[in-house]
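The data blocks that follow each hold one structure.
Shared between the two complexes below is subunit A, which has subunit B as its partner in the first and subunit C in the second.
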Partner chain A sequence: MNPASGLPRTVDEALLRLQERPDTVALAGCTDWMVRDRLARADAPPVIDLLAIEELHGIEEIATPPSEAKRPAGADADPTTPPPLLRIGATTTFGEIRVDRRVVEGYPILAEVASQIGSRQIQNRATLGGNLVNASPAGDSLPVLLALAAEVEIASPDGRRRIPYDAFHLGYRETALGPGELLTAVLLPPPPPHQAFRKVGTRAAVAISKVMVAMAAHSRQGRWSSMRIAAGSVAPVPMRLRAAEKVCEGAPIDVETATEAAEAAWGEVEPIDDVRSTARYRRWALSRVVRRLLLEM
Partner chain B sequence: MKVHFILNGKAVEAEGRPTDRLLDVLRHVFHLTGAKEGCGEGECGACTVLLDGRTVLSCLVPLIQVDGRSVITVEGLAATEKGHAYLERFALKGGTQCGACTPGIVLSGAHLLQEHPHPSHREVAHALAGNICRCTGYQAIQRALSEEPEAVLDSTLLPAADAEREDGS
Partner chain C sequence: MKHPPGILGSSPLRRDGLEKVTGAARYLDDLPAEGTWVGATVRSRHPHARIVSLRFDRTKAPADAVFVHAGDIDGVNGLQILDDRWPILASKEVHYVGEAVALVAAPTAEDALRAAAAVEVEYEQRPAVLDWEEAARNEPLYELALDEGRCEAILEAAANGDDGLILVEGEYFTGAQEHLYLETQAMLAEWVDGRLAVTGSMQCPYYVKNALQHVFSLGEDAVQVVGRYMGGAFGGKEDYPSLLAAHAALLARAARRPVRIVYDRHEDIVATTKRHPSHTRIRSAVKKDGTLVAARVDFDLDGGAYLGLSPVVLSRGILHATGPYRVPNVRIRGRVLRTDTPPSGAFRGFGAPQSQFAWERHMDRIGRRLGIDPLTLRRRNVLHPGDRLPTGQLMDASCGAAAALEEAARRGDFLRRWKKAEEDRRRDEPLGRGNRPVATGVGLSLAFHGAGFTGLGEHRMRSPVTVRLTAEGRLEILCAATEMGQGAVTVLPMLAADAAGLRIDDVLIHEPDTDVVPDSGPTVASRTTMVVGATAARAAHELVQRIVQWKEEQMGEAALRVEDSRLLGPGGEIGDFRELAREYLAAGQPDAVTVHNEPPPWQRFDEDSYHGSAYPTYSYQAQVIEVEVDTDTLQVRPTRAVAAAEVGKVLHEVQCRGQVEGGLLQAVGWALWEEMKRKDGQLLNDRMTTYIVPTFLDAPEMEVHLIEEPWEGPPHGAKGVGELPMDGPASAVCAAIENAVGIALDSIPATPERLLDHHIEAAQGGRR
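Here is the complex of A and B:
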């Protein structure tokens, strides 16, 4: 506890505060909250500052418990030592992620998306955890984490749990986070060798996305394996393009596979018209981007 | 709540609601009007200041998150010898027109030069992507920043850790 302000300095203190006052708002980078929610609340809600909690911040490699070590097909690392996970604390900013050596080298699509979110000023404040919990369908980092098969760590008064990020978004701005719970970290499994990301917006910088595509895969003897393709801004939640993934699985790495996967992607999304784009454009752009990324990756 | 922070190198305190905007505190409590309110939504960059040495939008920073940190505004930059010389060169090269965006632009520029003493055209473009100039004076601004010889933030303004690095220790 901060002796002067009485504000929490640990996750446990923060959880206690959320239990005592369920209307407490847990603030992180505030880049959306200060715009969207602050003025809507004339009542000055009680707040806590997650940025002041040291254990929520920073990037570190952690060992995988042996029981949980899963190896992608085709990997031939020493089977006795499970590869480490990269743990990114929830309040780590995109500005920090963008330049982190382990992210840049191992997860280039995460570094890339971090450098394309908003402006430098936004990247210096906006946090990875905030992007997830805010759960906008246009959240840029979301499809990237789906493609990278991330897990999220959640703290509640009953303890900590880890769930696959695939299971985090339940509906429009609705997440698996229960009342009084905090997202504490994102965990990334060992980097897949093939990764690609593309964001389609109105301008090259500081644009809310019309369409995003992220993908990651392994390959063996000229064929795709463990393909994961995810899209954003085309549905109420970021989504896996499972039909397109299925086309790629075990298929040769060539232009025919890319074209067929693009057609599958076209058929499996139901985007909407809104202020930023039209359903027709989104579906067209998504399909083209899937094809192009498969050829580039 | 009462918060204590370092403003332009000096320890200050301010009283307000935890969710009050840093922008309003700077302008109305400390009468530092360099940071402007343009859009109030984090899009235009006119309210850019440095928080712990990094550019942020003061319209999006709640007071609660300023406690114990360092804030630098354009007034603080101008009050140092290095900063004043930088602003003079910036003006002489036509980097400023109406002036509404200028405080934010020169702070984004100062942060860029801190990290990249000789920025490329691309690095300048990325650093300024969040600062909108209504006079469309971007080319002169680009040129002014590209020709800056060195870091322009005085070490007395920086948080202790960064200042130490500055001194080479």
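Here is the complex of A and C:
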């Protein structure tokens, strides 16, 4: 079969197609793409469908490369075998992620966000990779990936590279994917013991986020460590709330810390007014939710 | 003729149910495209502008596309509603974003869009009227007044603290609401030998017919309008389809072939009518025990750019402005203000939800001021039989306001829950640093709805309904009532069968085709079951009586009767009704009977003074709504709604409950989420991801209790129910939020953003 036509069945075939026409758009669930009606346009770019590529689909545990086998400070380290990473293929749907046992048990906030994206119908089509590449400031899974210190795997004709998600989403709908490159997987490091997530949407379902907060941390002797707090829909890209994280680091797990972190979060975001909400509300809700999640996590 | 047991209250399956659920029902957009062109509309992008030039650049358009502008209208360029100043196509000026400026048609949708893009319009922008303050400085589009007693003198006494009276003042706002019917506006027009045939999605085929006659200067015989399957309407297909029909007809004439226009969702949201935004100021005088003594209500509606149906919406609004309560002295002033926004139009409730939102919030304000709980305050003032409305109308024995109030309060366990939430709130300060993530509260409201047309509308129309025999010996109802999901095609045959002694499947109902059916009036105003249904029942009874009399003469036998579709004599069953009917037809007897609605002769209403009986009867609904407010995000989740609706008589219980549940949810949506956001006259949220309506996950658990206090009139004392459930719930939602977190919101929607603004202003001491 001529790899330049038809349905690509391997990552290499897909990369070849992207090379031939650099404006080619790689599609999976199409839940964002179709809404924008791009296919109806006369100047619509060529597209390829990634759903037949087996390698892009599914969830598996993979061994941690030895160079990365160190655990975050403060964690209860197991000196013998390095814990595995969880690799989620780019075209894995949120419906699959929502019910996957390893996700539900190890990364409950990812399972939670997967169950809150759009509707069940959307979750059955929409993919994790699609959410990343679409790069909306309101992409629901993104703050969760940020809090979980996820990495993304990118394939290009030169081979594969892995970068932290922190370095992937560069600006409003802008990513680190170069021309001819394909997002192939998301990798999650071993699960942090404390996780929390909250989506504040426009209604209970089929809602776009006004504010999102995701956090993950370790703890030792009643104090927070390795705290990562991420927020969505309050900036052009999902952002770490570093001032709030700093407040928590090494601080006691109590109401005072939560309150202080909430105040820090208030001060470090500059949200905007738009059709869904107001800057004032976003800042207020973000701060209150940060406090609430720290109390409950 | 006795009523066969079981027809009324038996809730037979909806006649249109199976075909709609299976997809067999063909809506206008489902018709084959072959031979039909597609129409598209060129719309204003400015809220107010002069049209400097309008040009169709044929070189950029598909070769065979047609173009129509205001100059092509040879009759009257005006939409005939109450006046005709709303242009079919703007000619000199545009007055709202989305106003139709020109039309194009082409063989396919893609070509039509290309043709529309080839229309070049040059505008000179003008200052637009876009807010309440500015609109109120201009001449209103329409005004109404209702006075009773000596309101101003009493209010003055209350202001001075005289006579033991207390003055309570408040100001209330409600926003525009989009109907969001599932099926967008859709119409198909065709000219055949100078005769115009139009079909599509509409509530009122004769409104469309009259409007078309006006635009094209055509006689009654030259226009045929047929209502098709309708995917929802809620009032949104009362006025607007007439405009769309004129557009399709203009294009069909230019293209010399059938032309269909089906709006896409964005276009439908931008261009069509909305619920009137309202602004109400109330000054009231009350005794210390909460007894209402006087109220001045200034009720303003934003009518948008053109008059449309606004005067009648205003009229219903002011007639419901003090709710189902005794208020002996009133001074009510209603105005329709003009803004450069799309014309506001009919929407379930028709002004009554707006004015009763304000009134019910005001009742809560009075209670708060006097320290009287919401239930006790309402009990002290609620209308009972023998009381009078501000119009002077004497409430008859069927006034079920108190019954509805008590039932809802009891079933919803209102008082206990309300008091507990008040205590919890005072103790916990949920919006402070209190750690309760969720605060619960409960709200109560009571509202009423006048059944049928306002004032003497029904007397003027005396709506005719025809019932005829089909060749196979079944009855067929001919009327202009349309099925918009409310159940007319099921209930009307039920009523006719019940009155005639037939089984339900022996009664058919004809599609609303103006070539065949008489003008039984528009399908609006909660009048279809009550007015058209009662008239159909009389016609069916009359026709079967005639057949029975004929048979008695034939047989030389008296005392025949029809029951359960069987002809019975003194000695038992003689035969089957269908056979009898065929025999009657074969004998050349007249096959049809037309009767007219007979409104109660005692009903008098003075349209100048607004005194008398504006409606022959009223239905009542009280609700207890419980909410959970997230104390971190101020998101409100309605968790439970207990409604008690006094509807006179329940005819089809499943559909009646369906109306109450659907209306309740629509009202909760209006109260919490639905908001038309505009900036400089442009609508910001013209899509379903940004115009937020509740999903099933947002809906409260609903418990509906139906109460029957039949009125004296037909059918069997039933009163209208279609709009009633829209009237009260929004206020109960706000009351519940107040009970939960102490934010007393007097404007809706109660979005988290608005609640926060209100909370911050209150914390800064900016509140009275």
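Heads up, the rule we're going with is that the second predicted complex is superposed on the first by the 284 of 297 C-alpha atoms of A that agree within 3 Å, B and C clash if a C-alpha of one lies under 4 Å from a C-alpha of the other, contacts with A are read in each partner's own complex, and residues count from 1 in each chain.
Simple rule for what comes next: a residue touches a chain if its C-beta (ideal position, glycine included) is under 8 Å from a C-beta of that chain, and two chains touch if they have at least 3 such contacts.
Treat the numbers as computed from the prediction; the structure is a model and nothing was measured.
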(request) Check the residue A:L295 against both partner chains and state whether it touches subunit B (first), subunit C (second), both, or neither. (result) second
(message) According to the stated criteria, A:V200 is in contact with first (subunit B), second (subunit C), both, or neither; which is it?
(response) second
(message) If we overlay the two complexes on their shared chain A, which of subunit B and subunit C does A:R276 touch? Say first, second, both or neither.
(response) second
(request) Report, in rising order, the residues of subunit A that make contact with subunit B in one complex and with subunit C in the other. (result) 35, 204-206
(request) Flag every residue of subunit A that touches subunit B in the complex, lowest number first. (result) 4-5, 7, 27, 30-31, 34-35, 38, 41, 44-45, 47, 49, 51-52, 95, 115, 118-122, 124-125, 204-206
(message) Going by the contact rule set out above, which residues of subunit A touch subunit C in the complex?
(response) 35, 200, 202-208, 210-211, 255, 259, 275-278, 280-281, 284-285, 288-289, 291-292, 295
(request) Flag every residue of subunit B that touches subunit A in the complex, lowest number first. (result) 1-4, 17-19, 21, 40-43, 45, 48, 51, 54-57, 59-62, 64-65, 67, 108, 111, 126-127, 129-131
(request) Show which residues of subunit C lie in contact with subunit A when the two form their complex. (result) 433, 435, 437, 631-635, 637, 673, 677, 684-685, 689-690, 692, 694-698, 752-753, 756-757, 760
